[in-house]
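One chain, subunit A, links the two complexes that follow: it is found with subunit B in the first and with subunit C in the second.
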Partner chain A sequence: MSSSKRSRIRHHRMVVFSLLSLLVLTLVLPLIPHAVAELGESTGRVANPGTELWRDVRQRDRSIVGATQVKGVDSGVLINVHGEDWRQFRMQQLIPYGAALMGIVLSVILLFYLVRGPLRMQGGASGKKIQRFNVFERTTHWFTVGIFWLLALTGLVLLYGRFVLIPLLGPDGFGLTASACKEAHNLFGPMFLVAILMLFVTFVKDNFYVRGDFTWLLKGGGLLGGGHVSAGRFNAGEKIWFWIAVSGGMVLCVTGLILDFAVLGQGREVMALSHVLHGIVALVVITVSFGHIYLGTAGVEGTLSSMTTGNVDEAWAKSHHDRWYAEVKAAAADADETEPGGVASPAGEG
Partner chain B sequence: MARMKFLCDAERCIECNACVTACKNENDVPWGVNRRRVVTINDGSPGERSMSVACMHCSDAPCAAVCPVDCFYFTDDGVVLHDKDICIGCGYCFYACPFGAPQFPQDGVFGQRGKMDKCTFCAGGPEADNSPEERTRYGSNRLAEGKLPLCAEMCATRSLLAGDGDTVSDIFRERVTWRGSAGMGWGWGVAYGKSGLRKGKGVDGRATGGD
Partner chain C sequence: MFANLVDGIFWDVALWVFAIGVLWRILSIFRVRNKPDYSEPRGSGFAGAVGANLRRFIPRSEMITRTRLQVVAGYLFHLGLFALLLFAAPHVLFIEAQTGLGWMPMPYWAFIVAAQLSFIGLMLLWIHRVMHPVTRLISDADDHVAALLTFIVMLTGCMALIEQFDGLRVFHRFTVELLMVYFPFSRLMHAFMFIPSRAFTGAWFGRRGVKA
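Take a look at the complex of A and B:
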């Protein structure tokens, strides 16, 4: 009785144990290959280094540089990640925004001229002339003008010719034009450095900030009405233009030389960056020069002769540069008084 | 119509530079220019990989987009070519290209740049096929003779593939299928079907049974 009961319990235990063992084995056995694989991984097998390598190569934040037998600047760069940035900047930003900037400023100037007309001298021309720019100053100015517009026009042809001139000249005709423009731009470019340095040396002494410049700016130079504003030899607007031309010109020269002399070992990254700066600064300086040209010709009556013959009407000087006019008159009076010889002008003149 | 493509299998490239030499010789490439180059990444370290690079004949080619004189054109086979009669040698394509394909022969005074030169997929230029003019200016036109670019034809390990994109993809897909993926699909034994080389480290190579 008790022995048969005991054997029954043992039988039950065996069944339970077998079932449990089966269960455990079913769960564990399939894991063995995985365990082996895991161990294998840690000893001999490593993940394909290629996957990470290609992820690095394809990543767009830096260029991977490798070794190569081909000698040359950047030849070890497998993928130049900055090329696409430069392309987007040139095609999506520089070209459309540059055109918009120049177009808007030109339209505003034209509208201003039609509405306001040229600024007149107070009391009309007097007929008496005084010298504003000597020969050296005028030579410096026109030398800079010549080089600047040669470079500006050839540069604009390279920037916009594909859209504007190819339809007019055809691909071959424009190829020839653009080739001439590129050669002219590259050959005359370095001369712009000479022009900018000359411009700086010639005009810098009268272009520092003095009292009254800020007031002139606040009153908008009298451009928007409200009569003439007191100014020295150069007013604040002319001073700002001087510093834009000189600093912009220097940026254009430095970046231009980097682009022009491609044999100095600079890579594509430096050249693309130079091109970005060159393009932005060039378009800004060209745009600001529109304002300068307008005010020097049609915008202000009697101004142009200061850069052609060098003389301006006294009424012009009194209206636009009253303090300079006073200085010139005072200096002339001093010269008369201190003149030792007998050829002094008769007293009372001037 | 076929769409021509290059593909370099980095698991196979052994940096022998035969493609570079073949290209230079076949096309009489100007001085200072290599239309194709082999770049080795992690040179001398575990996981070193080499890859032969040239013009990839992009569909949306940056060189063509930025060219100020629009001198690039696409052949019916999708090959990106340029017209040296129109090219002005400004260098914009050189800045824009991700692969450094367009280059400038430095033959002028003060290192002045000439008209740019790039891989033509051995398809010559706009001149008449295999004319002497085309030969001097652009190199050989193997495509017109029904041949593929010499760099790929020369490749001893069949790493560099050139031809119709579909065919190239089929070949490469078959290779990858046989090699496996992730942790398995790399190494010499895998690439060349000899299991011996890496067996000691637990990676079994499998014969591809072909290319």
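Take a look at the complex of A and C:
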């Protein structure tokens, strides 16, 4: 074989080798990033820049605050990931569990009333009246009641309206109702703070723990059998309700003000947390108020008049608040002694 | 349909009933003649009228303890309502559109504060009226209807505040028209009569040298 022929064959081999090498490289090189990605995943790193970008936007791995020319609270956060948590909680826990709580308590109260009936006065009404609440105390009570129920009803419309009212009013009708309720709720919210403070100042002095309250609780206030239990001006149940109303009311006011005035520098997480707390506490206070309303009206004979006319029957006082009755009688006797011929005037009337 | 009625014929009727009714009430009171007083004046009737008007803004010292709630709530309600009526931005725009007369409205935050104070005052006054045995006894349906109508007008106004739904504005205007029709026939007339009635009493006593 001549040298020129050998040279040509070598040349052809090189060409074939080069082409094969090129083919192999063409097929293999694009696989390198995938291989690296595979290796990266196994070590916890993500190499795909698009995936990484969206992971950062959704803040799946860490909290990221970006840079922006817009000045404001949370303006550097593209997507508030906790917003979805809040929405899920509201739709899947707060709304169904809240409805269940209120429904169960209302059913228990109704069942209790049907089985047990109202708690009667021992020996029946005497016809003699004794003042339990003066005008200012009753005014404070009903002022708080008025604002509380206006807020409760408008709040329940906002929470449950889409399930209850849309079938009745349609989407447009509900939109109008919801807008009206939202405006009323936001306007009356700060007024509830005034009412709660008035309630606290007016009634706090008689709502501290005293000896006998624990016994009252152990006997279920007489509802669990065993007849009436000794109590002062307010029994332990009334005291618990007072502190639930005041502390719950304060939480509702503070969280409500955070939601009402979104210009005070609070971020979206604080707003969402306030909303969650506001909803839970509101549903709890509304639910407990069912018990208060029942005991104040149909549940205990002769109680309602204490908050309407301010007076109760002496038999009622002796039955449910015997220690308070004794105190009032003793005070009246002292007044009679100091003012011969005088009649003890109702405390604080006017 | 309903919106057209409320913005049209209902408004015209309410306005005429209000204007004619108020004028009729005022004129009928001023047309009542007293017997001529021939006694020697011991003081100025005019000074008595002015003095009584000013003094009645301050509660009597003997009554301050018992009337504290009514005085505070009364001022909150009336001042708040006055501010809402004349200085709320939607009202200023409405008055300007109707009469051509406009003035500076109060800012939004002031509107909210005025509305809240006014609501607190109105609610406390009405609840106290019902709770106090004396005021409950001397109150009749007119007092309760007037309070309820005023409350509803204020509430519907606040519900329509965001101006997102025309239906809420129409509802507010409708309640205002109801109030305007009711106004001349009720004790709400005291809005126009409290100054003349104080003046009459003050002048009558002032002429006799007595501070009313």
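In this section, the second predicted complex is superposed on the first by the 277 of 350 C-alpha atoms of A that agree within 3 Å, B and C clash if a C-alpha of one lies under 4 Å from a C-alpha of the other, contacts with A are read in each partner's own complex, and residues count from 1 in each chain.
Just so we're on the same page, contacts are C-beta pairs under 8 Å (C-beta built on N, C-alpha and C of every residue); 3 or more make two chains touch, one makes a residue touch a chain.
Source: prediction; values computed, not measured.
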| item | value |
| --- | --- |
| Subunit B versus subunit C as contact partner of A:120, first or second or both or neither | neither |
| Partner chain in contact with A:129 - subunit B first, subunit C second, else both or neither | neither |
| Partner contacting more residues of subunit A (subunit B vs subunit C) | B |
| Subunit B versus subunit C as contact partner of A:147, first or second or both or neither | second |
| Which of subunit B and subunit C A:91 touches, first, second, both or neither | first |
| Touching partner for A:228 - first (subunit B), second (subunit C), both, neither | neither |
| Which superposed partner A:184 touches (first subunit B, second subunit C, both, neither) | second |
| Touched partner set for A:69, first subunit B, second subunit C, both or neither | first |
| Partner chain(s) touched by A:138 [first = subunit B, second = subunit C, both, neither] | second |
| Which of subunit B and subunit C A:175 touches, first, second, both or neither | both |
| Common ground on subunit A, meaning residues reached by subunit C in one complex and by subunit B in the other | 175, 179 |
| Subunit C-touching residues of subunit A, taken from the complex the two chains share | 135-136, 138-139, 142-143, 146-147, 175-176, 179-181, 183-184, 187-188, 190-191, 194, 309-310, 350 |
| Subunit C - residues contacting subunit A, complex | 66-67, 69, 112, 115-116, 119-120, 123-124, 127-128, 130-133, 155, 158-162, 164-165, 167-168 |
| In the complex with subunit A, residue positions of subunit B that touch it | 10-11, 17, 20, 32, 34, 37-43, 46-47, 49, 51, 53, 62, 65-71, 83, 85-92, 94-100, 103-104, 106, 110-113, 182-186, 200-203 |
| Subunit A - residues contacting subunit B, complex | 40-41, 43-51, 53-54, 57, 64, 66-70, 72, 74-81, 83-84, 86-87, 90-91, 158-159, 161-162, 166, 171-172, 174-175, 178-179, 182, 186, 259, 261-263, 268, 271-272, 275 |
